[in-house]
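The structure's right below; bear with me while I get my questions together.
As written, the chain order gives the labels A, B, C, D, E and F, with residue 1 at the start of each chain.
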Amino acid sequence: MKDIYIADLTTFDEGKLFDGFFLLLSKQQRTTKTNKPYICLMMCDKTGQLEGRVWEPGDPRIAKDIDRGDVVKARGCVSRFDDRVQMKVDQIRKALPNEVDKTDLMPSTTYDVDGLWKQLTGFIESMTNPHLKGLLNAMLADQGLAQAYREAPAAKQLHHAWLGGLLEHVVSLLNLADRVVPNYPILDRDLVLTGVILHDIGKVRELSWDIGFEYTVEGTLLGHIQMGMALVEKTIEGLPGFPDRLKTLVLHMVLSHHGKLEFGSPKLPMIPEALVLNFLDDLDAKMQAVAGEFDKCAREGKPGDEMTGKVWALDQRQLLNTRLWLQGESK
Amino acid sequence: MKDIYIADLTTFDEGKLFDGFFLLLSKQQRTTKTNKPYICLMMCDKTGQLEGRVWEPGDPRIAKDIDRGDVVKARGCVSRFDDRVQMKVDQIRKALPNEVDKTDLMPSTTYDVDGLWKQLTGFIESMTNPHLKGLLNAMLADQGLAQAYREAPAAKQLHHAWLGGLLEHVVSLLNLADRVVPNYPILDRDLVLTGVILHDIGKVRELSWDIGFEYTVEGTLLGHIQMGMALVEKTIEGLPGFPDRLKTLVLHMVLSHHGKLEFGSPKLPMIPEALVLNFLDDLDAKMQAVAGEFDKCAREGKPGDEMTGKVWALDQRQLLNTRLWLQGESK
Amino acid sequence: MKDIYIADLTTFDEGKLFDGFFLLLSKQQRTTKTNKPYICLMMCDKTGQLEGRVWEPGDPRIAKDIDRGDVVKARGCVSRFDDRVQMKVDQIRKALPNEVDKTDLMPSTTYDVDGLWKQLTGFIESMTNPHLKGLLNAMLADQGLAQAYREAPAAKQLHHAWLGGLLEHVVSLLNLADRVVPNYPILDRDLVLTGVILHDIGKVRELSWDIGFEYTVEGTLLGHIQMGMALVEKTIEGLPGFPDRLKTLVLHMVLSHHGKLEFGSPKLPMIPEALVLNFLDDLDAKMQAVAGEFDKCAREGKPGDEMTGKVWALDQRQLLNTRLWLQGESK
Amino acid sequence: MKDIYIADLTTFDEGKLFDGFFLLLSKQQRTTKTNKPYICLMMCDKTGQLEGRVWEPGDPRIAKDIDRGDVVKARGCVSRFDDRVQMKVDQIRKALPNEVDKTDLMPSTTYDVDGLWKQLTGFIESMTNPHLKGLLNAMLADQGLAQAYREAPAAKQLHHAWLGGLLEHVVSLLNLADRVVPNYPILDRDLVLTGVILHDIGKVRELSWDIGFEYTVEGTLLGHIQMGMALVEKTIEGLPGFPDRLKTLVLHMVLSHHGKLEFGSPKLPMIPEALVLNFLDDLDAKMQAVAGEFDKCAREGKPGDEMTGKVWALDQRQLLNTRLWLQGESK
Amino acid sequence: MKDIYIADLTTFDEGKLFDGFFLLLSKQQRTTKTNKPYICLMMCDKTGQLEGRVWEPGDPRIAKDIDRGDVVKARGCVSRFDDRVQMKVDQIRKALPNEVDKTDLMPSTTYDVDGLWKQLTGFIESMTNPHLKGLLNAMLADQGLAQAYREAPAAKQLHHAWLGGLLEHVVSLLNLADRVVPNYPILDRDLVLTGVILHDIGKVRELSWDIGFEYTVEGTLLGHIQMGMALVEKTIEGLPGFPDRLKTLVLHMVLSHHGKLEFGSPKLPMIPEALVLNFLDDLDAKMQAVAGEFDKCAREGKPGDEMTGKVWALDQRQLLNTRLWLQGESK
Amino acid sequence: MKDIYIADLTTFDEGKLFDGFFLLLSKQQRTTKTNKPYICLMMCDKTGQLEGRVWEPGDPRIAKDIDRGDVVKARGCVSRFDDRVQMKVDQIRKALPNEVDKTDLMPSTTYDVDGLWKQLTGFIESMTNPHLKGLLNAMLADQGLAQAYREAPAAKQLHHAWLGGLLEHVVSLLNLADRVVPNYPILDRDLVLTGVILHDIGKVRELSWDIGFEYTVEGTLLGHIQMGMALVEKTIEGLPGFPDRLKTLVLHMVLSHHGKLEFGSPKLPMIPEALVLNFLDDLDAKMQAVAGEFDKCAREGKPGDEMTGKVWALDQRQLLNTRLWLQGESK
């Protein structure tokens, strides 16, 4: 485990020494105005990212072989200029395998991934339609895919933008869907749950999360909806006897889950299960944005009787923390 | 109870006699091309509406004193022209009080109103915030308001456009909200339930349902959101000690429940409870539209492997009945 | 070949006899106001569609076994009411196999299909990239797919809504693209041509053209873009060594060819070839709509110095026939 | 009266001493990179706002009891860094009551408030409808409300964002309306004037102007339209015999005065008086924006033959000063 | 003067004889179902338009030489079918010159055109800028243009769609502008008045009003804004010494008077005079639509306590007649 | 020819001396914080623009008579602060006539202007319609207009924003149009070519390019579409016998070439030639933006397997360089 995190460094005074492990996001050669070369490094861990500068690139303690994507061990001191904090790096080398836990180097879910996975498979177990159950089991039987599903963030930025975020989002939605489905007898529970589990599965291809969170070029050109449909379609082709119409409905749920053409779904939800999936997905993402904003205000010590900042995921709306505001009155 | 309904008449052959009770929606004097006067009547009951014509207005069996809004007893025969059906009315008079049950004359909920009311008051009982509970009880203690709440349709057309429709919609939403709230710990359950019960209460003023369903002029000029807020605000003023901030939040939920400026809410939901109210209200209305469309297709004998007609409440989208379509394959 | 076409019938006087072959689009049992049963038939051929009525369903000359989708031989006389023309059908039976050419029964391209196909394959021959050439040849080697490609209309209504319309539209686009490509050195000609040939291939699944032109349920739920991508993806999987990146680009061209999210392309064109494909596809469809409108005006005898009617495919714009209008002046 | 204004300070050279009265908008404890504590103060007066820094918080000449909202007397010197000007504060204490005129501390109208008020009451006197006159007089008889009406800005930023701005805007509109009404005989003058006087009255609750101009939380959640309607409605309830329909029309004018759903009016103007109110309110705001931009250009010495900067209130449009541009030619 | 108007005919009983003058809008040869030829005529006068049918085209009393655009004298009787009224024409011939006043044959202004013209020239007289005065006088000195200005409708349908409508609209706007201008000292009165007089002058080319009101082909292709600018520009070229900048401003006012790109003004108003012109033009058109709708309701006997029908010029809004509705209460 | 370009200076180290010719875009007197006067100069040449500062304005080597728009000779050294580069100017004077080539001082086309002009006139020669040919020759016979056509940029920023850009854009479009026209027999080639040559001709008035590229005030108020139409209309008036209808069509092509009301064309293309002009103009501009972005990435050394930056002219879309990306795979 790491001892020093970037969030700690940003509170250090000028000149204070540090020694820690980071993920190297980028490395650039530059020269000063007086033509002296130096190296500019962008490093991150699970608490954030920070720029570092190597002023003596020729120093033997500065490893030559480090590159974008490496986990590194760096030593130096904190430098402050105006309100900006930087690391002045005096020594740096590649970390040894196992010297540091990779989950310390990028933001990741605060839930236990095994626990989430158990919930997911529990929901699959509870289904009764053999074809849908078979489809889901076949997909998760692909070790690479299952591992990616456990690791993938749900987004580059915005909601659930952390390792394990996709799984966390899906499990939250499964629980919500399981509550809502009994209210509407026309809904086919197995189909709704299948839609929940598969709707974002293309994100395991659309995003890469080895070195920070990035869209792959393929992901940019095709999008996770198309990539997810291709994954599902290919798996179904390996399942003899999977009914054609059921396949169409599953694909339709993935295709339509953004709910509007301008949000990237080329077809609107046309079956009740797809309609519910779109609503719940949207509600869950927004409630997550609300809760996240309230947490952020709490961390920043904002008083409870003020509106929050503008929230991107809610059309730049400001929010009010009901509980804190009402408490302020009763005092 | 009525014996003959308008829905029956429309299946009658030319010339078949009938004898029944109807609500008179309008009455107009007209003349034929050859200048002969006749009377054109629009009549309805809970199964629909139909035009009737009195060709002998001077006949003593045609009561002179009938007018828009009267319940009438009419006798005559069915007349068909092209695909249009009309009533040829030979006798007509005002109905006696109690000769017919008013709920037979306009479409009304298929649920038991007392049962719905019991659910509603049960939810109020389950609340813990004394101010909100007090507010709801004070509003329902107004006999006129409570009676209107039991009777009002939820809309002139579209979703829940029948007597008792408002109550039916609210109770459906209460059950849905009660399921969803536990999924999000930041939600104040009492506030969500209060919002559900009050969000559409202005409809008891916006609409009139004595003679068909109509918007009142006041309702057209001010809308149910504003009318509902005025009702709530006035009631709160009679409740000493009702906290100012809590009042603001209740009003905000009513004000923002349509969710978008272009849908008539001048403020967007800015507290989590208002956000959830808007989502669930929208979801419930849409699921009701889906179920209603499926029922309509079943009544019309449409085959299960076709898309439905275009559904107004879902942006003219066509839908597919999942269950029927899948059954069609397994056969 | 047929002797009498629906377009001819609509000019007949009341009571004139006819005898011809038609495609039966629908058949409904009905009763008159006086409860007499009759049969309502919708029939079409390549010149249009017309309603027919059988007033004596029990007549032995009225075959019982005819149904939606059958080619029939009908005899009767023309009936006119107001401005509506109908067929009064006295005899009807299924046509014998080969009694009539199916292409006479639905609108179809005025071009020679074999000639169009030769142009198409000629363009494929002219390509140099072995992978793209291989992909196209593999797709057209599937006999069912090739046959469907030759037959499919390009739309249910609007542009190229006739048998062979897809092929006609593609060949027109190939010629246009072949002219434009040399103007822009950054374009990869083979990629553009591949995009042209494959962009609408999903229409062979989205539409059915056995009995009139209809969207299939699968087509309504998934759309031709998605269906086309699935076809392409599956074919590529059977081609060993097809480069991954090239596959992504081909799929991107199909996915993005509608050019805007609100037109059903979930991704905008992001490579120059996709941009050009979207422009030329749009231009060709609009030029076809212009030419079609001018033809229609000529058929209807509209004077050349007036604006045309409103053209749906051009946002309800009215057009002016340059040539005719200028001729009007010089006279 | 104050001697030194913030607008003066911004022109001072580095190190020049000052001594003046300001309103304290915020006060924050901070530390330097070397962990030395200092205080950051935001201060304003009617000419603008400026940041001040106290580098020796322990100095006995730095009062401990000053806080957000206090009027303070501060002494120090001007500090310039890059293009930013700051106050280096050496002494600071609360101002004594009456040591300074509060209207010097925030931007306020350049008109005489008593004169504006007299015009307003003069217009009320000129009205003939006793109910509307009674309503307006009843509202202004509330001393708190009348005082707030005299002080309130019309906005936080944008048009009339200064003390007395609401009153100034209303009186300008009254004069404009009084000119326009005679042109349209269908208009009820008293109703138009009532609408002008009440349309923005909710701003006395929506905004706070004690310490700068801010939206209250209640104002953010409900908006001035709703708050104004509640004020009007409550006053009318205290007026026996006020006609119901007249009340509905007055409320409708307030409700609809923004003219579009997307501008926050949930109902469009549906009576001619409301239509005119919306037009004139919009015109007056825009003409004020034009005049304001021309003044700003004059102050900044912009030449008269150039377009102005982009004007926010006119959709980022650039304007041209007709008079100056024409003068430029005749020279 | 005419004795019988089309508005009268529509109230006639079946078979009643008439004899009157009309303008022939169109003439079409047709045949009945039994192949008998007849002629269908569309005729109008200032009160409306009505279809006539000549069942005996060979009758010598039916003139052969009548054609679209002729003023005709027709005799026959009224025929009613369902709710449709037609003229059965037994005799028809061209009217003699001066047998009828052309202003009786198309809807025209209810104002005295000479009086309106006097107001217009009076406003020009009141101006002080010699260049603008010279421009206006030069334009009106063109006899053809002046005559067209007096006759032209302001639109094909919608507001001021009658002979003299353009002049009536301009004079109404002049009076309105004259009231509003003094409220804003930055406005140049002469420029505003010039803009009012010239803004719609292109309509004398865009529309034709010889035979009903129609857009010319040139008007459809170029629009009245462009055509008006060409007229103004050409006139200015004949005025030596007209300042370039002033010309630009006058053209800018014409160009921008629709106020938005999507309303056909390619530039937004960028000088205060253009801004005011756009507002007042829009306000006047809408107030005219309101007054027109109230008149229509009065003619149709609609009760005063109802909303009007949907008004096209006000985005399909329903309106309420303030005066009538309030009267309804006080009764 | 110049020796030193601004693009060179930005790579210089601190303090390095230079000596060069520049165009003076602006000159402002300022004072330092300590009240010392200095001069701030903005200078450009064809490779970019850079700020210079004169710290000793009284030095006799600093010419007093230089002003905005002058070509100057400046001597000094490079100064770097953070990442910003400036010129410290020690000597400056007006350049002598012919000391420097003006085309070195602003960005200009990389094509040979005479060659482009020859292509343009060649296309005119190839036309057969004598009126259109006469119109084009008459316009280019105006020496001032022809010279402006050769020099004008096609835009202030964005596509073809360099001297000669208009001509370059038109010639590119002529070649494209010449390829596309034969594909559509309904097109009148001469009309299309005329539209291409004249569509943007108003830019010679809308823009000024003496001192940088700016919109003229007239250009801002009227736009190049209107200015171009006025030029064309005036020329046609000097051509006896030019057919009216042909004139209308030419004007319509200029007027409608932006294709949408919201893009500033008050009429949509309504003849096929105008439709094609709008499409090809748009396609050519976008292909130019794509090629330009790829060039920029190449200059900046961006790797070929990444998406480009966001491209303004393509709705902020990111692009991918097909060729480079595919090459990356085959390696």
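The rule is short, and it goes like this: a residue touches a chain if its C-beta (ideal position, glycine included) is under 8 Å from a C-beta of that chain, and two chains touch if they have at least 3 such contacts.
Note that this is a predicted model, so its numbers are computed, not measured.
S.K.: Count the smallest number of chain-to-chain hops linking subunit E with subunit F, moving only between touching chains.
M.R.: The distance in steps between these two chains is 1.
S.K.: I'd like to verify one number: the distance from the centre of subunit D to the centre of subunit F, where each centre is the average of its C-alpha atoms, in whole angstrom.
M.R.: For subunit D versus subunit F, the centre distance works out to 45 Å.
S.K.: Need the CA-centroid distance for the pair subunit C / subunit D, whole Å please.
M.R.: 63
S.K.: Provide the list of subunit E residues touching at least two other chains, using ranges where the numbers run on.
M.R.: 217, 220-221, 249, 270-271, 307, 318, 320, 325 - these are the residues of subunit E that touch more than one other chain.
S.K.: Could you list each pair of chains that touch, in label order?
M.R.: Once each pair is checked, the touching ones are A-B, A-C, A-D, A-F, B-C, B-D, B-E, C-E, C-F, D-E, D-F, E-F.
S.K.: Within their complex, state which residues of subunit C touch subunit E.
M.R.: Touch list, subunit C to subunit E: 13-14, 80-81, 305-307, 318, 320, 325.
S.K.: Taking the complex as given, what residues does subunit B use to touch subunit D?
M.R.: 217-218, 220-223, 225-226, 229-230, 233-234, 237, 248-249, 251-252, 255, 261-267, 270-271
S.K.: What part of subunit E is in contact with subunit C in the complex they form?
M.R.: So the residues of subunit E in touch with subunit C come to 33-35, 217, 220-221.
S.K.: Provide the residue numbers of subunit B that touch subunit A in the complex, in ascending order.
M.R.: Contacts found on subunit B: 172, 175-176, 179-180, 182-184, 186, 188, 191, 243-246, 249, 268, 270-273, 275-276, 279, 282-283, 286-287, 290-291, 294, 307, 314-315, 317-323, 325-326, 328-330.
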